[in-house]
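Per-chain numbering from 1; labels A, B, C, D, E and F assigned in written order.
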Amino acid sequence: MHSSKILEGLMRILTPNVEDYLVSEDAVYIETGEEVAQFEAAWRGTIPVILQGPTGCGKSRFVSSMAKKLGRPLITVACHEDLSASDLLGRHLIVGDETVWCDGPLTTGVRHGAIVYLDEVVEARNDTLVVIHPLTDHRRVLPLERLGAQISAPDDFMLVVSYNPGYQSVRKEMKPSTRQRFATIEFDYPSKDVEREVIKSESGVSSELAGALVEIGLRVRELKQRGLDEGVSTRLLVYAGKLIVLGVEPKAACEMAFVKNLTDDRQLQGAVRALVSDHL
Amino acid sequence: MHSSKILEGLMRILTPNVEDYLVSEDAVYIETGEEVAQFEAAWRGTIPVILQGPTGCGKSRFVSSMAKKLGRPLITVACHEDLSASDLLGRHLIVGDETVWCDGPLTTGVRHGAIVYLDEVVEARNDTLVVIHPLTDHRRVLPLERLGAQISAPDDFMLVVSYNPGYQSVRKEMKPSTRQRFATIEFDYPSKDVEREVIKSESGVSSELAGALVEIGLRVRELKQRGLDEGVSTRLLVYAGKLIVLGVEPKAACEMAFVKNLTDDRQLQGAVRALVSDHL
Amino acid sequence: MHSSKILEGLMRILTPNVEDYLVSEDAVYIETGEEVAQFEAAWRGTIPVILQGPTGCGKSRFVSSMAKKLGRPLITVACHEDLSASDLLGRHLIVGDETVWCDGPLTTGVRHGAIVYLDEVVEARNDTLVVIHPLTDHRRVLPLERLGAQISAPDDFMLVVSYNPGYQSVRKEMKPSTRQRFATIEFDYPSKDVEREVIKSESGVSSELAGALVEIGLRVRELKQRGLDEGVSTRLLVYAGKLIVLGVEPKAACEMAFVKNLTDDRQLQGAVRALVSDHL
Amino acid sequence: MHSSKILEGLMRILTPNVEDYLVSEDAVYIETGEEVAQFEAAWRGTIPVILQGPTGCGKSRFVSSMAKKLGRPLITVACHEDLSASDLLGRHLIVGDETVWCDGPLTTGVRHGAIVYLDEVVEARNDTLVVIHPLTDHRRVLPLERLGAQISAPDDFMLVVSYNPGYQSVRKEMKPSTRQRFATIEFDYPSKDVEREVIKSESGVSSELAGALVEIGLRVRELKQRGLDEGVSTRLLVYAGKLIVLGVEPKAACEMAFVKNLTDDRQLQGAVRALVSDHL
Amino acid sequence: MHSSKILEGLMRILTPNVEDYLVSEDAVYIETGEEVAQFEAAWRGTIPVILQGPTGCGKSRFVSSMAKKLGRPLITVACHEDLSASDLLGRHLIVGDETVWCDGPLTTGVRHGAIVYLDEVVEARNDTLVVIHPLTDHRRVLPLERLGAQISAPDDFMLVVSYNPGYQSVRKEMKPSTRQRFATIEFDYPSKDVEREVIKSESGVSSELAGALVEIGLRVRELKQRGLDEGVSTRLLVYAGKLIVLGVEPKAACEMAFVKNLTDDRQLQGAVRALVSDHL
Amino acid sequence: MHSSKILEGLMRILTPNVEDYLVSEDAVYIETGEEVAQFEAAWRGTIPVILQGPTGCGKSRFVSSMAKKLGRPLITVACHEDLSASDLLGRHLIVGDETVWCDGPLTTGVRHGAIVYLDEVVEARNDTLVVIHPLTDHRRVLPLERLGAQISAPDDFMLVVSYNPGYQSVRKEMKPSTRQRFATIEFDYPSKDVEREVIKSESGVSSELAGALVEIGLRVRELKQRGLDEGVSTRLLVYAGKLIVLGVEPKAACEMAFVKNLTDDRQLQGAVRALVSDHL
């Protein structure tokens, strides 16, 4: 590990307890293809990975379950336009009379061999995207310019990002020089059976109702050809189920959970509403 | 609750007295549909909620009354273009010789299981919108990157936002990946009888005058088809009532309260003025 | 009053002596309609008010005189593009070893029940406009997020803003959700007699010359139909009067006071100049 | 004078020695019309003034000479896009253990009754332009929001700005609400005789050569009709004279002093060069 | 070496241990032309160098191997839009009671005669590009304006940048005044034999499989004429090899490693996929 | 010298040792016209100067040699988009317990009568350009608003800027009000003989080879009519010579030194390459 002994000698380095980031919950993730084996191979091969797939199809859950399976801490960063390199790398803080350096989430992850998950990475500013370059080529180092140091990533460290090309605005595309540093694993909505099982176990509805919600979901997703931006996610079907269990009338529950959310187009809302009526 | 013991050990954490945010006033909210039951179901199901509906139709009052009903503190944040993630999450402050961390309103709400209401959420910068992602999926955590910690939301915590699609500028739309994390409850102006009751009790005018104001309101709202941006709100009708009670001549009171405010178009102002003359 | 005892306990709160803001001058304001009674009714009804009317027609003087009449302190804020929420609400300052919170003008006004006048409010950034929302609905509170506190407005407090729709750029319009929180009082240039009196008493010119200046003003205002952006204000007519009294030749005084200022269009300047020659 | 005794009591207020701003030099300004009497009348009438006229025609010198004549200190601020309100008003500084407030140039000028000259005022950001509103209406106060105070301008204080409508970009025009607070004094290039005298006395050339340079200047200014942005200023003619006196060949001196500077258009440069050849 | 003794005397100067930046790894770089001799000549002649060539073709490795060969420390900076001059030059930090100056990576490199490699230099803000001007002409100095000093570069110091004209957006082109300070060395993908050797040794696949991957790579690169933005890099072929060795089915490994990454165009993805099927 | 004794008394003023900026090197500058005499006349006449001419034609060297000839320190500032007024003027720094004011390069230059050279001045932000106005008219003062002081320039002080109209983007043109404060000295490539001498002495190539490079340079510069942005500079010809002396094959040396750098247009590159082949 390269590092600047001088500044580090002058200054206390704070890094979070990485145990806090171990995944303890029992995240139920039901495999839908080879993605578990593929992710594990990428991790063993120290290859960074892009996860692609529609909103709410389970990418976060998948990473959680993989982190648990591999016994690595998971550090998730929701990317956004104002996420600066400092937010990822760390910053100087004055504590009492002392200046301390506080590791950011990416530095913490590199130091401790965690899986760092940058959710919707293209939303971040360009400096975030470039900061990961030296981490994702033969060097596998993280330069901390403001600390005058660079730290090397252990083999356990893995960088995972989510990215949906075509979904984000044209302006926000990954540059080839960034994208060609990652392997890609693609996700889709779960199969009918898997989805029914998920809805049933998470919302507590009957098998029948869960089946009806899955059916509605499938039909709504077909509306994407007719102009719907994005299909209904499993999450929203679970919302509908939960609301029904908590006493909301089934059609009203679907209205709350996804009719209004999927689109502002009154006609498409009507089409979704009709599909709900057909199955409930 | 995950958290960085190190930084927290070094630093005092300030969080407001959440009792200050308990709703003590007798907010009169008159139910107009199933919204009370629906909101309560969403709260019990830990489902975040979007409130939709025209300006001044009572969304703030509704949230106040629900917070009181459920016995939860209510923390309201008026969103705007310059609202940064730090404004919601908190920041470091130097007090005397000591650096303290002051919880922002969202962190306060998560820590104490409050209802946090982000008013006109799309007005906020993108980082605000993304900061709520991990709070609104299976994780229900709030990462405080600048504190090197993340806190878990208790089941009591609820995130409520108001959002009017189509009303805000095109540029400011919620991304599907954000919007599909919420259930939706829709609001409209109150019914004729409810509105008359509200105007009467809040302004002190007679039943007859309240009825005339309601009638004017209904007719003005029909002008939306002829180009009016937004109908007259109950609040403005109450203003007119109050001004009349305080001695302003009825037509002048309407002129002050809503003829000039609803539109800058001289022709439409004339139409509104004519409606006032017809009923007063 | 809700407030965070914790931070307030740690920190000194500075707020200006509100007596400094009591209006002591003898602001001469000559009533032109019902505006005095209307303003007083709005104040008694705790209704915020928008003042509309052309540049220099006396809106500032009117607010001054009302503040004096009602015995309330007056705090005026000239809004501009860089006016941030902090400029209105207050900020932390380090004084010696101590961090103190200094109330901004809006907070001062709310704390002490003043009339706060936001001049040309749409010039302010959006966060200013939204910061006043909770002050202008049923809550009448001012959330001070950076202090972790919110303060309630006493009944004496009144928010007044000036706004000229159509005059400012299209981009700068009040959103309906802001505008529908205010009642409106409209202003226009004073009547012929009132204006002559004002010019005479403020500049010291003779009744005749004052009358000639009023006549010029009326005729110039008619040029608005021929492309003049804004008519000549009473203030500029007073300037002309003062310059004449101080020895500037009458036509040169008008040239200095308003021929050059009203427009950069050479033809329109010629038309204004001709009107001056006709009457002097 | 209104002011916040509290903050002022806690904090040392620094204001420059205004004597440093008294004009001691013998600024030669040769009157070209009534501008001296007009300026003095405006100063006596506490009327703020706009100076209009082409680059380098002597506006700065005029203000200097007036400040000297009236015995007032002169504080000049060159406005630019990044000039913020704080740059004009003042700011908090930490000196040793103490926070001090340092008056900016406008505050200094108001406190001491100086003439404050904002050169090219429209170049400043909007907040600068609005900050001067309360100084230029019946109030004549300067609100110092960051100090929680406002100070009243003594009668000696005068605000002078330079502004060239049509010359600056369209985007940068003074709003009527700002412009109608000022009287205007217009400048032009000096007369032939005055200009010859100025060139002769400032550069040391012979009367003849000075006359030739004036002749060139007149002819070059006529090129404005053929596309030249701005005519040659007296300053550049003085440069040419000085360079000749210091040994540069006359035509080369003109080439250096103004042929290249007036335009980048090769054809127009040729026309200017030809005019030089005709007279030297 | 010019420098400001005053500020340096007042302040501790921190500069990283440059030994930390010596290249210790055995970076395998296989020469493909004269680039090693050319780079060495440029270094001896103190001529700064631009490296051009497609993503992932080995530019970083080349610089690493040259730094090792020449025995110079290597300091790499990944450039991005938010990289400011301070990030390169250094900044003041408060450590305890003391202000220290921390050298940035460029200053460190100049002080110690390192090779400084600015990766994708045009991504940096303009100030970065201009900061290097005095380093790359006859002066070879680095002005540190914030330290009031300038330091001279020893002959060992070399500035290397990577730049791909035509690849970055039009807006981001090096100005001639910057570009004409560098000599250029151009890179391309390695030859068939070299690439097979690299893939084999880095991923552990058999010679045959490595050959097949090379063949796929060549064919994919030909698709650039049919609209592919950038050909497949050696790095991605190595990824495919590694994934195969770790048990991923060969076609799925290619799918992960480069089919999805090279383009979002479904048709082009099909073409790449077909090429994979043809060879595996 | 005007200055605020108050603030200066409270605060230590740091200014670099101006001796460090005396030019000690033997900068070889070979005169190509009257520029030496012209510059000296401008300096004696306290006239600020603009240097115009193509990239790499020796403007920096010329200023260096003039500074040496006139015995003045030389302070060079490479201008860029983020160069703020503070970077030129100076700033407050906290050193230990004390606030010190550190002069920026322009202030240093004014205080000590140096030649200050602002390289590519139009790249600077507008505030830089305006900050120099009071330095370049009859006042010759530098207002330091943040220090509450202004300092007068001694006669030795000279401001020199480089500016290439037409070369920089349209948006970045000097305003007439700035440009008309300077005299202009124009530069061009050196004559054939001078250039051959320079190449020979700086690179060590034979007279013959130097002559061939000069010939290539001349022919390449003629390509400007065919679309080349900027001709090859003497600097790049020297690079080619150096690389040849260090063992690079002559054509490859030219390829590295200027074929790739002058243009990204493949056709024009071919034309340059052909010219190289014709002469080597």
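Just so we're on the same page, contacts are C-beta pairs under 8 Å (C-beta built on N, C-alpha and C of every residue); 3 or more make two chains touch, one makes a residue touch a chain.
Please read these numbers as outputs of a predicted model, since none were measured by experiment.
If you take chain B and chain C together, no chain is in touch with both. With steps allowed only between chains in touch, the distance from chain C over to chain E comes to 3.
Within the contact network of the assembly, the step distance from chain B to chain F comes to 3.
Inter-chain centre distance (chain D to chain E, centres taken as mean C-alpha positions): 51 Å.
One inter-chain figure worth recording: chain D and chain F are separated by 29 Å, centre to centre, where each centre is the mean of the chain's CA atoms.
Chain A and chain D have Cα centroids separated by 58 Å. In chain B, 94, 97 are the positions where the chain touches two or more neighbouring chains simultaneously.
If you draw each protein chain as a dot and join the dots that touch, you get one closed loop, with every dot joined to exactly two others. With chain A taken as the origin and chain E fixing the direction of travel, the chains line up round the ring as A, E, F, D, C, B.
Looking at the complex, you find that chain E touches chain F at residues 2-7, 10-11, 34, 37-38, 41-42, 44-45, 47, 50, 52, 84-85, 92, 94, 97-99, 125-127, 129-131, 133-134, 137-139, 143, 145-146, 148-150, 165-166, 176-177, 179-186. Partner chain D is touched in their complex by these residues of chain C: 14-17, 20-21, 27, 55-56, 60-61, 64, 76-83, 87, 91, 93-97, 100, 102-105, 108, 119-120, 123, 229-230, 232-233, 235-236, 239, 242-243, 245-249, 252, 255-258, 260-262, 264.
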